[in-house]
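Notes to accompany the following structure.
Chains: A, B, C and D, in written order; residue numbering restarts at 1 for each.
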Amino acid sequence: MADLAALVTAITARMQAMPERGRVADYIPELAKVSPAHFGMTVITADGAEYSAGDADVAFSIQSVSKLFALVEALSAHGNRVWERVGREPSGSAFNSIIQLEAEQGRPRNPFINAGAIAVTDLIAEGHDPREGIGAILRLIRALAEDDSISVDGSVAYSETATGFRNAALANYMRSFGTISGPVTSTLQVYFHQCAIAMSCRQLARAGRFLMRGGLCPATGRAIVSPERARRINALMLTCGHYDASGEFAFQVGLPAKSGVGGGILAIAPGRASIAVWSPGLSPQGNSLLGTQALEELAQAMGWSVFNPDV
Amino acid sequence: MADLAALVTAITARMQAMPERGRVADYIPELAKVSPAHFGMTVITADGAEYSAGDADVAFSIQSVSKLFALVEALSAHGNRVWERVGREPSGSAFNSIIQLEAEQGRPRNPFINAGAIAVTDLIAEGHDPREGIGAILRLIRALAEDDSISVDGSVAYSETATGFRNAALANYMRSFGTISGPVTSTLQVYFHQCAIAMSCRQLARAGRFLMRGGLCPATGRAIVSPERARRINALMLTCGHYDASGEFAFQVGLPAKSGVGGGILAIAPGRASIAVWSPGLSPQGNSLLGTQALEELAQAMGWSVFNPDV
Amino acid sequence: MADLAALVTAITARMQAMPERGRVADYIPELAKVSPAHFGMTVITADGAEYSAGDADVAFSIQSVSKLFALVEALSAHGNRVWERVGREPSGSAFNSIIQLEAEQGRPRNPFINAGAIAVTDLIAEGHDPREGIGAILRLIRALAEDDSISVDGSVAYSETATGFRNAALANYMRSFGTISGPVTSTLQVYFHQCAIAMSCRQLARAGRFLMRGGLCPATGRAIVSPERARRINALMLTCGHYDASGEFAFQVGLPAKSGVGGGILAIAPGRASIAVWSPGLSPQGNSLLGTQALEELAQAMGWSVFNPDV
Amino acid sequence: MADLAALVTAITARMQAMPERGRVADYIPELAKVSPAHFGMTVITADGAEYSAGDADVAFSIQSVSKLFALVEALSAHGNRVWERVGREPSGSAFNSIIQLEAEQGRPRNPFINAGAIAVTDLIAEGHDPREGIGAILRLIRALAEDDSISVDGSVAYSETATGFRNAALANYMRSFGTISGPVTSTLQVYFHQCAIAMSCRQLARAGRFLMRGGLCPATGRAIVSPERARRINALMLTCGHYDASGEFAFQVGLPAKSGVGGGILAIAPGRASIAVWSPGLSPQGNSLLGTQALEELAQAMGWSVFNPDV
């Protein structure tokens, strides 16, 4: 796999040199401080080899990538009860839209838009102190990444809390329909903290390995989720992982992936690789501009699209 | 592959015996006449072997499955001009919704909802007599299926035309935005006729082989579309092929597929199989109830989900 | 009433001198040809006195003002059957929006948005040749205005027909729900012709007198509509007569009125006056900019708001 | 005016005997406890005479009728700044809809839907302790009604606060757009308390007299609002006072009015009368069923529609 190492290096060099880098998220002050010059990338293949380049060890705010881990945690703890409160369809609207909620009686379309993620987090938070809720998500991520140093960035969490009116609207709205049942403030506290988890590309790619391996944890060999559930989570990432640009990502790249407004993307080539990229500048739809481009080049060069006949 | 033959037979027997068969489409009188008792299935594998069972040789109205072939024809004739008038995102609404069109200035979200398909057909019809437009689509299908007997069911086409007010609304609406440019009546005539093409499961599975084979026509070895385009069409089928139940189909079955209200579904396991199923009874979302279930059982048994790590 | 004459002259002079005149409608070529310099005004009081100024005798395209006369004709011919197909609520959206129709199963919110007016016209056209339908509306207007010279502007009607795709979308959409029942083409032909009726301010103000007089025709003393129906039509004009700027017009002017994109407005001060103004430049909401301003000044000066305690 | 006394008595008797009384609001437990058997009515004419019947002296929760007084208070304190944050158009949707807010960047359509009222209340609450905000509204109402006994029903206010998630969603949503600026919790506290103000028909009709009298307080002769503003508030009540049944109320009754889910309606016949009715059972649109009917009979008998030519 010498060429994969070279490929990762080459793509990283190209991305670092790109003049057009997208726009760094500014909806919370803490995110706006990050330089758009960053680019990092880690690829971990099925045989366990790791290929990193650029700022692969710089921690960034994972933001909505946390929705994936919250979903896994909720499925582990509550099984299919998750699907009683959240659907599995692309939303056809922005990540923070509330229109769909009104049209569909407070039921979010999928767990990867804000409303759906809040509903999932509420299930995790149910009957617990907020600290325990965020603790459960963090424990899962640490175990998956085999790295106990992963933690919440307190100043980002504070910033989210102080400015998260739109998420508070979504939570209260769902509470009025009974989609969520806990105290709104507690649920939001867990949600804002999970968004503020900081990870590097290396940590993120490690945390995603089980989805490349049919649900098995490479560290322990233990099933994090069943093979069927791993497949289904990948399906959800493909159809809903990039908000209202999910169709485009599937069309251009062809891999299950979850993006966050911090500029990180975790992508899975089932049976092949777990990939994390990070570049803070975003496309108009809120996904990492250069991260997407890097994934497209990598998937193209390696033939890793799930739609490839010869995979 | 003796077990695939047995599997197809076993699934077909189970589906034929199912008491709950869904509801036959009644929006045009001709479709309502079809008995819900039908079930047919054909699987063609990469080596060219064909496995058929049940009513695999009974012709049915392919309806929206024709949208796939119209897209291929338009891409062949006009290349990426297609994407100037139609997007690549799941719609988040019903197949015949007009709300999205108003919200997004007359641009349909993808080529597999009615509005998008009409926009694609208008491109094919552009500058031609309607007869030539439908002729072009039919020629493509016949070539792909290696079967010149495939034709339009005249009484279904007449029925579509006489009752297709909602499609006429979509076409006129897009015409007001300039999304389509031809005479609305001509475009609709081509569209109504393409929907009324009648095919059997065997013919449909044959016509889909090129998508299993990276774009190559098995009969001629010639590229119908490039490998990249084949991959992308499969991506579109996965994210948008089942209207507003596409996410669910990806979640449950995990294969690119296009369904029609006639009860047919064409599904592709890239590199593995081209599969056609037919059962006229529909789910509330307008997809074949038993056809979907048969595909789920088949994909599960064969491990054909594109999200499987070991494919 | 010497001061009313002076007031009409003064307002007209002010409006003629205004530098900012709004934007002339250009959605059909024929309307775009009209000079924004025009301003005309006619006020007819309860005692029959007429006060005209400016271009009060220049004919213009009444466009949506015709919706008022079509409603009166339909109510005369079909009574409350009209309300089975169209509501009486402000729409909260643009005059040609189709979103509301989908959300409310093809039933237009009121007879003064395009969809509602087409539904009303379809009732008039029912079982008739299009020529008879437009004839009925024209006969009513001529009788009300006591002027047989009023007629359809053929080139505007032709222009409407050639470019009326959005209205064709609305009509086909309603036909799919059964809101309208006639052949779509015939209904649209009547609709496009009624929009193309040409009238001067003087003719329009005369045609509106019955609404100032509780439904009585001043010429014949005969009831065009009952007092209750006159009151209700006035209520509809107040709540829905200016599309999505109806609330603003009620707030600023306080009179029942119906506007058209040709720049004409017919306003009624019940028991006091029938007023027609015309200035082709429009506000962003599609109502005559200077016409609205003239009505505001007139109503203010005369104390004619229906919300005045001393009226 | 002997017949007005008789009329009020007769209408009240008819309403008390009605078998079909609508459905009492149950969205907060406290409201659901009220018996649908109640009916009360007070009419105060321009000469100061009062006509009461039935439960005219039983206090009920005025709920959304408070939106009128909050608007008057905000206009007095902040003038046209009110219109920078809230529009003057009918909404075309339910009283608690959030869809319009998303479509129109967080700006509520009018001050009489929940979102608009919260935005108005936020202006009143700005820079104040919540207690002062509710105090200001209460002082205004007491002064208008000349009755210092009017107060907030604490258990209703508590109930509103405990269950008001939908209003909390609206407030947070507007806060995310900057439509409101205060601490969401404080603004909501004022809002929930103003909704919980308890008044009888007699008190309510008295509090509405200034709107019948062009803005003058009958007690003090002082202008509460200018004549123009009184006229405009009446216009707003006519176009927006009954949520998404405002058009129907204007059509049937023809009077400016504001309704509340407690079953109360305050209606104004400018220059003629201030009228309060109360019957807890609601129509599907959330307006008092028998209250509306009583107003229709009264307005019809007295010729009080603002659209009457002879008013």
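Criterion: a contact is a pair of C-beta atoms (placed from the backbone, for glycine too) under 8 Å apart; a residue touches a chain by one contact, two chains touch by 3 or more.
All of these numbers come straight from a predicted model, not from anything done at the bench.
Farthest from chain A, judged by the mean position of CA atoms in each chain, is C.
In this assembly, the C-alpha centroid of chain B lies 55 Å from the C-alpha centroid of chain D. Rounded to a whole number, the gap between the C-alpha centres of chain B and chain C is 47 angstrom. Here the CA centre of chain C is 32 Å from the CA centre of chain D. Counting only residues that touch two or more partner chains, chain D has none.
Listed by label, the pairs of touching chains are A-B, A-D, B-C, C-D. Taken together, the chain A residues at the contact with chain D in this complex read 97-99, 101-103, 165-166, 168-173, 175-176, 184.
Touching chain B in their complex are the following residues of chain A: 46, 87-93, 100, 109-110, 212-214, 227, 230-232, 234-236, 238-240, 244-248, 250-252, 254, 256, 270-272, 305-311.
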